[in-house]
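Have a look at this one.
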């Protein structure tokens, strides 16, 4: 069987679901998953659909051109179609913290993530031995005020050369320049170590400690030009108390960061995230 | 606008979604919600759909008979259709514990539950003053081995006389006889004060204490002939520790019971629960 | 047996615990609970201790004066002693939302809260029938720019007349003036319908919706002069998704607000909260 | 400064806390942490205490013999004293699942766990490459009915030779024989992939799926002779729904297993667990 995933968003109008499901049926496909969402405020329609076709009866480029002609152009759809064969290339950016790196590489080696990791990029050398022990090429690109332009050029070259589909900042402690953000819009996933929008910016565990919160969190989100303000993919939290020092918060937070970042990666990978109006629709 | 909700389950077959959505479109309806689930093991298809129609163009009995003729009979569907006007009648069964009763009546008075409560039934008299203060008729039906048959007869008469649609056991401490269960199958919601299937039966907090668990739970489920083994609607949990006595567990559990029972009631009320194979499909 | 609870805080110094426990032992008391915390940053020591004494051998004023003389003055302690007989008087302030009011009054009637509620105060008349049905005096004190001074005077008079120990703002939609805050410092508990410090101020559910968060929260805290910035007593959260409208957030939030506020009330009531440096120590 | 941790349990009696804290004070020590618990049902007293001493004034063997003579023998205490220098040796037992192994080794390399891992033991060869890449000796000890006695002999020899302090079963799929359990009582930590006591034994995710639970869990516990019935150290849970297949439960469960097992290891390592009456006291 040939399995495909279609993502659609467009202005909400009557009859979209019927038109799409009818189209699949007319092509002798079986719908194995359908979910839809309407943003009532913005009047935008979102759909995610998985279909199965007998291999003999499915031709990808025919399907796509006919879908565009009969459906998409009528409803003015933004749409994407993925075949199960798709296996994206992910770049990992790290600095000195190793917990997210170990977590992602462990999942990768376990076969939990169906992607390739052509390279790890870092502004420091400390984590090179980990990259080596997992047999992944490591590129050291130092970043400072003086070298910022040169670093961006090198980053873009590496990403392009390795045909990177999306980037994961696994506690990478540098601001991403707009040149990279714009080229990989909604394709850069960051983990922020707070329950956004609380504690934007540096040292959120220190701020959480000072404020005396009873719960701390972590947030994975797409990177946009405004710091820590991009579309949120996933959040999780854990209880803390007055007995926890800042170091305890850092330590408890590490597990949150790992889970929340890897969940974000998996949702992105499974094409379950749609971005609209700086928010995300997360399909089940 | 006329708003309707349709629930369907049948053997999984290609083309069901297209057929249903097409039917709605052909009647000039707009689908505002659609969700579907396929139990891959049992090959059963489930669907929940909400549609909107211009009042002038929608006739309920025409719609239903045509849906049956053109769709349901072909696919051998089990299906139900609800109009928004539906406001079910709920009977409350209680014994001596008052926390779930207060919680449900508070929500009812707040307008959180769109239903009617024609009566409260109890095997004890202790909670009559609460029923009185909320102006709800209270019926005292004592239950003992000797009076069991007579009690069942009275219960059935009260339920029938008040045209009860579904029953909520708000910590009612009696086994429901099969005569009532069969007449109201998957229409009796119980709250069990444990994380089922752990600690089936009486005194679950005592058992949880003895086993030294670190988390306790509560479960709302439909009542079936086998004790505490009916389809689970909702569960929730809370952390406990060695510092908690049995009384502490009872006290912490009260909040769980209230939330889990009222969530179960609301899901049932919104027609978001489908029962199949002693499990539930819970639509979002 | 005579049961007492002692709360202590002072500069951290060696020997405090030994001195206190020794004092209790010398008075033939048995320590049934002891917990202590040291804020390492501020070098402050906190202790909560519960002791039991044979009734014949315990004299409250003797104990207190000797504790002050032999212990407290040496260590420059701030300390309080409560006897189990203590049953505080709580004032409830409400506006138009009734869910927290129903929840608190249900718990109160169930015997879950060992306190008295001499009065309910509101700037509106809508909730008077609820106060009536629970037999609690209701005072209507309208608040507007023009009547602010008069309202504060009336509030202070009512609180004083009814010998109120602490105040609970159960979704009271007015800013508390500093005159009342200063008189009842760390004795006014508010429920804020967000996960503070995210979404300070009005309409937090709207802001949460706009930001697209995946988790919403509620916070109970002591009221201080700075809005929503007082010491946090308790927080809790629940998951939300893109499918939830603002109304859904409001609805899901109601249960959070009820639980988080009542937990805050119970912690305050059990003398398990100590405030220091705008944070709380919460004893188990 | 010399830092020590003392764990005590004995019959509950008046004056224990005073006697212990007084002893520490008399030795010029400063108590930096004290927590205590009384099991009211069994009348057993538990205490955990951390103290600091000037290095010059502390002699370990003197302290221990005097503590025994003046205190422990009077109160008939069971007690243990640990100095901060203690760095235990942990053996890892695995089979074919690698997620817990990757998680523990990642934490170990990150410096999160202050212990040594002298060896990994497995009844299969599949995970040897992971042991190799982390530079940890790997021992293959096949286990079958025929080789059970020989395997137990080899295990005991390996554990003894490497002076192992405690054993972690990181999804080791064999029953531990009583000979090993008795020698390492309350020193073998297992991860069970369910919310015990629900779903004891094999294939808990299958049972959870069949029962239609809405929450799944994981439990770390000490191994005792009765299967999955030993003292529970830690539990955690996550929500699931009808949309999750058995494979989805397995996948979601992996993260739970990792967190719950590593939390159990850390609590054991920090000497925060006391076992009594087949339950645990977990100090904060």
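Should a chain be cited, it is by its letter among A, B, C and D, assigned in written order, with residues numbered from 1 in that chain.
Methods note: a contact is a pair of C-beta atoms (placed from the backbone, for glycine too) under 8 Å apart; a residue touches a chain by one contact, two chains touch by 3 or more.
Bear in mind that the values here come from a model prediction, so they are computed numbers and not experimental data.
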Same-residue or different-residue interface between chain C and chain D, half as cut-off: same
Pair exhibiting more inter-chain C-beta contacts, B-D or A-B: B-D
Distance between the centres, which are taken as Cα means, of chain D and chain B, whole angstrom: 42
Centre-of-Cα separation between chain B and chain A, whole angstrom: 38
In chain A, residues with contacts to at least two other chains: 241, 243, 284
List of chain A residues in touch with chain D within their complex: 98-99, 102-103, 106-107, 109-110, 112, 130, 133-134, 241, 243, 251, 254-255, 259, 262, 284
Complex interface listing, chain A residues touching chain C: 37, 39-40, 195-199, 211-215, 217, 231-237, 241-243, 245, 278-282
Contact set on chain B toward chain A in their complex: 14-15, 17-19, 21-22, 24-25, 28-36, 38, 239, 284
